[in-house]
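Before anything else, here's the structure in question.
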Amino acid sequence: MKNLNIGMIGYGFMGRTHSNAYSQVNHFFPLKYKPVLKAVCARDAEKVRSFADQWGYESVETDWRKVVERKDIDAIDICTPNNLHKEIALAAAANGKMVLCEKPLSMNTAEGEEMVAAIERAGVPNTVWYNYRRAPAVTLAKQLIDSGKLGRIFHYRANFLQDWTISADLPQGGAALWRLDAAAAGSGVTGDLLAHCIDTALWLNGSITDVSAMTETFIKERKHTLTGQIEKVSIDDACTFFCHFKNGSLGLFESTRYARGHKALYTLEVNGEHASLKWDLHDLHRLQWFDHGDEGIVRGWRSVHVSDGDQPYMKNWWVPGLQIGYEHTFIHQVADFLKALEEGKPCSPTFREALETQKVCDAVISSAKERTWKTIAS
Amino acid sequence: MKNLNIGMIGYGFMGRTHSNAYSQVNHFFPLKYKPVLKAVCARDAEKVRSFADQWGYESVETDWRKVVERKDIDAIDICTPNNLHKEIALAAAANGKMVLCEKPLSMNTAEGEEMVAAIERAGVPNTVWYNYRRAPAVTLAKQLIDSGKLGRIFHYRANFLQDWTISADLPQGGAALWRLDAAAAGSGVTGDLLAHCIDTALWLNGSITDVSAMTETFIKERKHTLTGQIEKVSIDDACTFFCHFKNGSLGLFESTRYARGHKALYTLEVNGEHASLKWDLHDLHRLQWFDHGDEGIVRGWRSVHVSDGDQPYMKNWWVPGLQIGYEHTFIHQVADFLKALEEGKPCSPTFREALETQKVCDAVISSAKERTWKTIAS
Amino acid sequence: MKNLNIGMIGYGFMGRTHSNAYSQVNHFFPLKYKPVLKAVCARDAEKVRSFADQWGYESVETDWRKVVERKDIDAIDICTPNNLHKEIALAAAANGKMVLCEKPLSMNTAEGEEMVAAIERAGVPNTVWYNYRRAPAVTLAKQLIDSGKLGRIFHYRANFLQDWTISADLPQGGAALWRLDAAAAGSGVTGDLLAHCIDTALWLNGSITDVSAMTETFIKERKHTLTGQIEKVSIDDACTFFCHFKNGSLGLFESTRYARGHKALYTLEVNGEHASLKWDLHDLHRLQWFDHGDEGIVRGWRSVHVSDGDQPYMKNWWVPGLQIGYEHTFIHQVADFLKALEEGKPCSPTFREALETQKVCDAVISSAKERTWKTIAS
Amino acid sequence: MKNLNIGMIGYGFMGRTHSNAYSQVNHFFPLKYKPVLKAVCARDAEKVRSFADQWGYESVETDWRKVVERKDIDAIDICTPNNLHKEIALAAAANGKMVLCEKPLSMNTAEGEEMVAAIERAGVPNTVWYNYRRAPAVTLAKQLIDSGKLGRIFHYRANFLQDWTISADLPQGGAALWRLDAAAAGSGVTGDLLAHCIDTALWLNGSITDVSAMTETFIKERKHTLTGQIEKVSIDDACTFFCHFKNGSLGLFESTRYARGHKALYTLEVNGEHASLKWDLHDLHRLQWFDHGDEGIVRGWRSVHVSDGDQPYMKNWWVPGLQIGYEHTFIHQVADFLKALEEGKPCSPTFREALETQKVCDAVISSAKERTWKTIAS
């Protein structure tokens, strides 16, 4: 067993999911590498100390530049708000560290290109935490599509619906609500939620060639946590787009934080000539599967409880019928990252792959702004 | 096209479903017989006239004996409370009329045996309105079981759950509530609801050999509509039993009118060696189907939308995806009765077949009373 | 009871649903008018005679001009392919007949405007068969929205997904497949399926101000039934659009006949500030309802089985728990038309109201063609 | 933070779930005690060493008597087959160790009584791993029932359906299949599966007074793994019983390993006067809730996604919409055990409480054998 010393920067919600993944991965997956929680870094010394104690980090830092320079750190995990991703990634690469970066890769395509160039120049292993690829049911969807069982694809459809920002009293900005602040997040639902949908879509269905989008900001002004002032809201509250995929299929994507009744409902559906599949995050352990080849009188959508040993990742968990949950998607990503390290292979999505999602996001934002179709540069 | 003159006795809820079936059947099913609404009979002259006008009955009667003696009537349809079934059926048979009798066949096995003897002596076509057999999804279940796709059957499970009698203020007895009056109904949920479950079970899974039951009357006294007095409630509010089928499988049945949240939830499930199926009345146009022979990674319960032309009865209705409803089960029973008439065959369930259900009901009631197993006489 | 003599032109699938509605309406709804099946018209004398016999039409015609001129006809029901709607409606109006026209109103807005002008000039009662408004669950949705329970509306979302034209071997055109022939249908899924979604949307959520659309024809050539030749397919196989509603909410619509696994899945969802609702045609007797005002720990989507007497139209049918089906939406429309006649009121959607749907359809088609946003003329 | 040194005996499937719980609990729950994986014990030295390495146990033992005598162990966790529970528990108690015992408590009531006496004499903290009580949705059900929202309870219904032993080729006995060997397990589905259902039922709905049961062994003979011989199967493959609860409600329970299509489907439903609830293990993060107090037109079963911070245990996990899984129920039990230790209170179910489940199991088995009702000694 070989140690892989982790230095994590940022310790918010994603800090917990990543720390948990590092702690759990060797209990369930047979691997040659073992992550060691070497250091965690954040500006508030007291809070980061408390976090370190809870998760067993060996040390804390309050300046991320120190972490990326420490000799005893092998890999940098970037869990900060989006506006710091680039700077940290560049410094980490410059110091020869592996980088695991939270999604979205960057604030925009230009930043992302800089990051890809730096990371590839450094030649370090890298990955971006688009964790939903590793929900076993989504990985199973990938297997099914790649097997050809669906035949020609006609439609790809994805939504990410939430309802937590409907109240006009909710402020924007600050530690807890940086996702509502365009300066920290880059965009609203497009980068936060649609980026997930796009990443999965590109993985399952290939490249997107052009997009046409509409965005909306329902609540135009909110108090800013940092200034205490009522300020204009610059993020997109809702974003819808349709598109063409390179394989000739049509795509339809929607995200909003104003869909009352949906907490975090990421859904996707793929319609093929011979078969179709559906998945949603609220019941992430199930895949809906329709096979037109089934005998006609008993043909119907199958609700597949993805908990058997022959389904992706599941032989490492419990027994059939016993479901896993959200955090397991991160454990799977770490397991795959460590396995790739063993085998000297890249771990998808790499920075380069995640840049494709960034390009689509940028095209979506500018299409909505200019009310016109936008082509994705290939 | 040959007319079949109907004389219907009783005109309550079931009177409407049957009248509708007679009115609709020739619009959708190609048949040689055409039911003609010749006469409807009930004691209240004004009400029965109004009913006749609404449905287009040619005449009304207030004495059922007249109807069974009328020369221009071919078939008697018995829609009265259970305590009149026997007398009317016997008179109808004596007059050489065909008989279509509402379920349950009779108040008890002894009455039922008398009715079977009379009807068979008369040699007249006869059927009992166990309409749920003709929900297309249930008929499809029958086809699937008979095809051998399920293999050896291990379990048969059925519920009929309602919640409309929970209020202690609901009275018992009288025209609208005779089902709560043991004198008119014979029993409570056993004859009203479990009889349906048992009929379907015998049809799908064969004979029951012995039963062990429990009944309960939750509200012990209610005002009686006819007397205006608080009287003891003699019906069973809830009844549960388990049993052995002749084929070695186990049965489990439950019915109640105290299951808050369920309006008329008749559910059934059959578990076989190779496949299982489920159905429920609240979504009667669907069949749940599980086939263990499906490829493991995409094995799951299929929700079959029974609306295609190759599924039972559905080529006579609309197009795939467009569901039918409750009343269609009665139309199907009339269609099958008329078709059987054409072909000179019996229409299931006949009086003799319905008597089997009566025997199980009687065994259930006496098992519950005596707290012991009861064998069903074959 | 007053007779309303119906002359129906066309007798295909819609001819059956309308004939059934006329036959059934007085059995279930207390009304002063009674439709009489006076005449049915189609070019094939033998087939129309057989249809008339099955449904009890008193006479047949093979020239629709004769029907609209017959003195004994009160109302003309147009069930022909779309390309005949205008001509028949104009002639009917000129003869002072009421008109019930199948949807969509017309081939395009220009035709529709001519029809509205003619019908209003004639001052005759008129309606368009957008039957899904009268699914009880959809009518209930209307009540809920109008009650203000949802508060400000943020999103309106509707799909109409089918899969019956995926096979490249399916021909286009002719009696059975005129919906695939642009010359007869005007458009593909836009007029056939999205028109339903748009009509319901306008009814539930008010006017649409602008749209941006994408269409696709997946199978470019098919054999034409009438010519026997392989010909270019001119209809849209799939159509997606997003839009703004006048009330500030966003709309997202999609329709396709290439969504494997969906027979006729019309779904709609409305997200409001305080509550949301969902409905779909495959379980048309249910409404999904989410009320944010519910106590937090037990808040969730409610699956409402729309079968109680206090829910729209349901007191006229059976008892709680017993579902109705597809054809009942047509019966409700006839019931409402007759009731409106009694009361001297218009029956929604009138020709004028249905013209709004036509305008949106036209804007959608031209937006897709020109790849740009289109404003709806108000 | 105070260490609690764990000595675990047995390391099979339950060994993993318990080890995971000890590893995870302090990451998510603020507690004063911290479990330390001091020792794990099993007969096979090599395998137990490998297990210890994977989970970080500090030492291994191959003789359980040594573990219970070690001074550095505070708590004994019994994960062995059922036939060893008693002996180990008695020895642990005699050595003053706390005991966490896998369910069912014992092979039978007599053993259980001995264990309760010993553990109470020793005065050591104790608990039995009936983990499903701690599924957040089940704990929420407990809160709802205790709040009185359901009113008078009429029905309690539970199933535990599996299908993994249908093949006649599956052997019985040995390390992996001791649950099929009556000598090791005591009973079949009754002790393995129904014991869970009964424990939850007693917790939610109070005492059971009498039972009537039926059991079946579908496959009469199987090869025994240890002897290599075809031997009689002595366990129950299926078990059904109904019962009365002390509060006047009726109970209905069923378990089988022959329900094709169900992997581990534990379902429960409680019907009260005012409200009802349902839960199942295949979607353990949801609770179905029906409140008759809801406005009639939008009354329906609510599907509650139990993932909000105000729902049991969930503030310690992620954010609304992100589900947890099976293993979390064990983490919750450890969290509650440690919290109870802090507060000097018992942790439910204690040995004494678990003995009640044993009594019901024994009554069920003997009722089935003697085909008669059995009273539960209070």
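Going by the order they are written in, the chains are A, B, C and D; count residues from 1 in each one.
Just so we're on the same page, a residue touches a chain if its C-beta (ideal position, glycine included) is under 8 Å from a C-beta of that chain, and two chains touch if they have at least 3 such contacts.
Source: prediction; values computed, not measured.
Colleague: Listed by label, which chains are in contact with chain C and with chain D?
Modeller: Where chain C and chain D share a partner, that partner set is A, B.
Colleague: Which chain's centre, taken as the mean of its Cα atoms, is farthest from the centre of chain A?
Modeller: If we average the C-alpha coordinates per chain, B ends up farthest from chain A.
Colleague: Which option, A-D, C-D or A-B, should count as the same interface as B-C once over half of the contact pairs match?
Modeller: Overlap exceeds half of the contact pairs only for A-D.
Colleague: From the mean C-alpha coordinate of chain A to that of chain D, what's the distance rounded to whole Å?
Modeller: 36
Colleague: Could you put a whole-Å number on the gap between the CA centroids of chain A and chain B?
Modeller: Taking the average C-alpha coordinate of chain A and of chain B, the gap between them is 55 Å.
Colleague: Averaging only over C-alpha atoms, locate the centres of chain A and chain C and give their separation in whole Å.
Modeller: Taking the average C-alpha coordinate of chain A and of chain C, the gap between them is 42 Å.
Colleague: Quick check on chain B: which residues sit in contact with 2+ other chains?
Modeller: In chain B, residues 262, 286, 301, 305, 308 touch at least two other chains, as defined above.
Colleague: In the complex of these two chains, what residues of chain D are touching chain C?
Modeller: My answer: residues 140, 143-144, 286-287, 289, 291, 294, 296-305, 308, 310-311.
Colleague: Flag every residue of chain D that touches chain A in the complex, lowest number first.
Modeller: Per the touch definition, chain D meets chain A at residues 13, 17, 19-20, 23-24, 26-27, 54-55, 162, 164, 262-265, 281-286, 305, 307-308, 318-328.
Colleague: Help me check something: in the complex, which residues belonging to chain D touch chain B?
Modeller: 150, 154-155, 157, 163, 166, 212, 214, 216, 218, 238, 240, 242, 248, 250, 252, 254, 256, 258-262, 271-276, 290, 292, 301, 371-373
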